[in-house]
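Chain nomenclature is as follows: A, B and C, assigned in order of appearance, with residue numbering initiated at 1 for each chain independently.
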Amino acid sequence: MQVFKLYFKLLKSAAPALIIYLVVFSILIFVLSSNQRKSATGFEEVKIDMALVNYDGEHLLVQDFLEYLKSYCNFKDYGEDENDLADALFFREVEYILTIPYDFGEDFIAGKDVRLEKKAIPDGVYNSSVDQVINNYLNTARIYLTAIPNISEEDLVSYIRKDINTEAEVSIDANENKGEENGFYNQYFNMASYIMLSCCLLGVGLIMLTFHNVHILRRNLVTPMTHKNMNFQLIGGNLIFVLTYDIFFILLGFLMNENKSLNGNVLLFWLNLIIFSVSALSISYLVAVLVKSRQANEAVSIVLPLGLSFISGAFIPQFLLGDSVLKLASFTPLYWFVKGNDTIAGLVNFNWDNLKYIYFYMLIQLGFAAAVFSLSLVAGKNRRRDNY
Amino acid sequence: MIVEVKNLVKRYDKLLALDHLNLAVKKGEIFGLLGPNGSGKTTAINCILSLLKYDKGSIEIFGKPMRPDAYDIKKNIGIIMQNVAVFEELTVYENISYFCSLYVKDKKEVKQLTEEAIVFVSLQDFTKFLPKKLSGGLLRRLNIACGIAHKPGLIILDEPTIAVDPQSRNKILERIKKLNENGATVIYTSHYMEEVEQLCSRISIIDKGKVIATGTKDELKNMISLGEKITVEAYNLKEEQLDEMMRISNIAQVDYSDNLLEIKSKKGKNNLIHILDYLQSHDINFGKIFTEMPTLNDVFLEITGKELRD
Amino acid sequence: MAFQLYKTRIKCLCRNYEIIFWSFGFPLFLAIFFYMGFNNLAKGESIDTIPVAAVTEDGGENEFIRTMEAVQITKDKRLFKVELKTLDDARAMLQNDKIAGYIVYSDKPVLHIKNMGIEQSIVKSFVDSYLSRKGTINNISNSIDINQEEANKDFTDVLAGYKDYLVDGRAGDKNPDYTLIYFYTIIALTCMFGTNWGFREMVDIQANQSAVGARINISPVHKMKLLSCNLLAAFTLHYLSILFLLAFLNKVLRIELGQRTGMILLTCMLGSFCGIALGAMVCVAVKTNVKVRGAILNVIVMGGGFLSGMMIVDVKYMIAAKAPFVGYLNPSSLITDAFYCLYYYDGYNRLFENLFMLCILTVVFGAVAYFEIRRREYASI
């Protein structure tokens, strides 16, 4: 147990640095997940802020069109100055600028090829739905104008509105709508994979680098303790370290979530995080064995979690990622962790058919951890005979 | 005077590291600074070099006051630190040449000096090695070469032989002597009294940041009342006999254990004869006899009441 | 002599293979990861065929289902995979997440789903537009006396005649691709890796931080002169690593950086200066052990990256809107934004604003470092 005890003494010396990381990462995950919460829920109801530049004026078709748009957008007036508008867009005071050209209504009815001009923030989630709404309206108008050339403007707008307001009947088929309720945890824990991996790499690296210092390592190697035994004790110490982080992030998530109920989904999220943290630890352990300098370890700690999170869907949802990327990502535990989280979030029926997938994903993470741990044992064995 | 330190005071918070320290180093000598661990040797050196701020006192080197920007003074100083101070990324040759180039502007001269320094410390076979590939002794030699390559007039060595094997240590000491013969003044700090005795022409003993004695080694030894130490292999001595021996003139202390009689005598003549007379007259069998002159440790012991090395 | 010092320092820094490898290699790895993550996003190939079930009264196909099956994402990829099922089967499939939802068609389609996600809203908007078209056709056939069947026949044609009435009015030919920002944050991150270089230079020159520093301090070389040579050497290598990344981004990954090469190089240079100065400042101004200082550096680099939108681009806008001063004080953010300006805006105002702030920060960092290091004696070593 000496190594195990030593581990915690080293941990103590690294404590100030670890606490700095913990505080900053907590803030990070707080901002990240509260930022995501807004867009994750209520996919439909959100109205976007739109700056309108209307050069057309009073044409009935345009008036009606704008009236119709009001149920999708909040209009804001920023005048007609290009720079003001550009600024408003840049600082996200509006997400969309719509410009209606002179005599748009008249020209449209006359069948001329006229267009509206839009400027939108490039990555707005709802832009395309606004685009669709606008095009629906105008296309419907076009159809009527083609089919009934002499239709009156009043008839036209009333027809359009009637058609376009037709909405499909939707019935939601479950006892309760869990997906939305788990939205926060889903985001939170997906982000947590990034945070967890960073924390592990930095924390474990910090402690293990001391331990792997050439002189200390050699001193340890001449003791009668077996290489395996020493490593097991070290891994044990690391496990406790990581579990502390787990508990911290579980509690933080619990405190941040408005819904404090503890259902099966929540417990599964927790289990998934704990299992992931073991595989995160295994990666950190391997890196600590392979990397020799503090500076390099820190660089790995910044880049590796970021990169893996990007391809595994911790930041961008997995369904938006390409197949080839996901295939590559499936070689990392992050991918299975995120996939597990996404599945848990949508889980309503806790029957074996559904649960077996989640357990399977967890099993993959554990298998990964075991493989990487054995790899680091081998790597460590080779390393100790290296010439320094 | 090459170096003159007057009333130097340095505090670390509550700890008084240097307590009105006075030193004077003459041209051409090897000046030893002897003291136990933590006595303030390195602090004194760092203050002399203007690396450390000090609270009071004055320091002059080559007759001019030493300041952090006294570059003309620095130019003529070489320093060999306790810690090996070399770049891990540079080879032996590159390290020496780099540090030399900080002192000497001419490129050709740097090259020549570097090569001379390498020969001087016998690292010819290792010029292309990185420091981490060198053994402890070789590393120390590199450390020395980095300090003296520019042929300074004043060389300061701060415990250069710590953790060095006896062979390398002797080589280092020889080299220091050689440097001195070539005209350099040397300040040498150590807590190994043997080294200091062997090497230095003048010695200051310091303890708790104060100089407690200065002089040549003989002067130092004459300062104390202790004479030679006599050890006799003698058998079956009794308590009374030991007490009797204490009464012989000039005997300071008598110890007896494991058939070894240890007698410390005060200064005086014929001490040995008196003891032998006593042993003979009491029919005590004795074997080997040897006498030792007092060491610097004895000097230190007598002045401070404690051993130099604890 | 100055050149000699500079040369030796370069040699010294280059020998640290591990650091060199990471400085040049890391940004590349990250760029590749980002590229893989985003490559797909911008192209919009991301939508997969959505499985739905349909329940009709007679169990057979009808007009609606045929229309639904006809919708394509790309030439040979359909948007919906429709399976005809009984109501019970469809329900069970939905519960087990085999389908996104099912549609019960009696007189009109009703969509049944478990929860509202992206796939569901795609299905819903399809049904919406189907119904509205249907209404349009009814209205037309009512008012101009053509028969219903003929109208139905034209139905798909009408849908196909869908026309985009919107033109994107943004900056002409430039593709407003927000993923670029992510790549710009990598450039900013690389600039901020300069903190490590600055940090090391300061450690190596201070007597109380390294043995080598002590040796240098007692040499007759003016400390500031030596430091300048060393910092210049660090800058050279760091700047090269940035240029290397730029070349990789632009030539290999084909990331748009804009046409103003001179300004791009200037921005990188200022970014590199700023990073090095920041590292130097942290090294001399924060007086704790190496681990804590390392942690602080990491936090600055990573936190700065985060605030400039490296993980989630929205954060950048949130900062710009709600706490602009944070953006102004964050070098990563300034560099990212400068690159964005270079790519996106033709004008120079905002670019210069960013570069100006970057200069100010660099000067402040540098000044703090300078005043700390100017001291040549130390209280303790």
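The definition used in the following text is that contacts are C-beta pairs under 8 Å (C-beta built on N, C-alpha and C of every residue); 3 or more make two chains touch, one makes a residue touch a chain.
Every value quoted in this text rests on a predicted model; they were computed, and no experiment measured them.
> Would you identify the chain whose Cα-based centre sits farthest away from the centre of chain C?
For chain C, the chain whose C-alpha mean is farthest off is B.
> By Cα centroids, which chain is closest to the centre of the whole protein?
C
> Between chain A and chain C, what is the gap in Å from one C-alpha centre to the other?
Distance between chain centres: 13 Å.
> As a quick test, compute the distance in whole Å between the mean CA positions of chain A and chain B.
The computed centroid separation for chain A versus chain B comes out at 66 Å.
> Which whole number of Å gives the spacing of the CA centres of chain B and chain C?
Roughly 63 Å, centre to centre.
> Any idea which chain B residues touch chain C in the complex?
Touch list, chain B to chain C: 12, 46, 49-53, 68-69, 71-75, 77, 79, 81, 83-90, 94, 97-99, 101-103, 105, 107, 130, 146-147.
> Please name which positions on chain C make contact with chain B in the complex.
1, 4-5, 8, 11-16, 207, 210-212, 214-222, 226, 376-381
> Under the stated contact criterion, what part of chain A meets chain C in this complex?
Within the complex, chain A contacts chain C at residues 13-14, 16-18, 20-21, 24, 28, 31-32, 35-36, 43-44, 90-93, 97, 99, 114-123, 129, 131-132, 134-136, 138-140, 142-144, 147-148, 151, 159, 162-174, 177-180, 194, 198, 202, 206, 291-296, 298-303, 306-311, 315-316, 319-322, 324-325, 328, 346, 348-349, 353-354.
> Going by the contact rule set out above, which residues of chain C touch chain A in the complex?
Of all residues in chain C, those touching chain A are 18-19, 21-23, 26, 29-30, 32-34, 36-41, 45-46, 48, 91, 94-97, 108-118, 121, 124-125, 127-136, 139-140, 143-144, 158, 161-170, 176-178, 189, 193, 196, 288-292, 294-299, 301-303, 306, 310-315, 317-318, 320-321.
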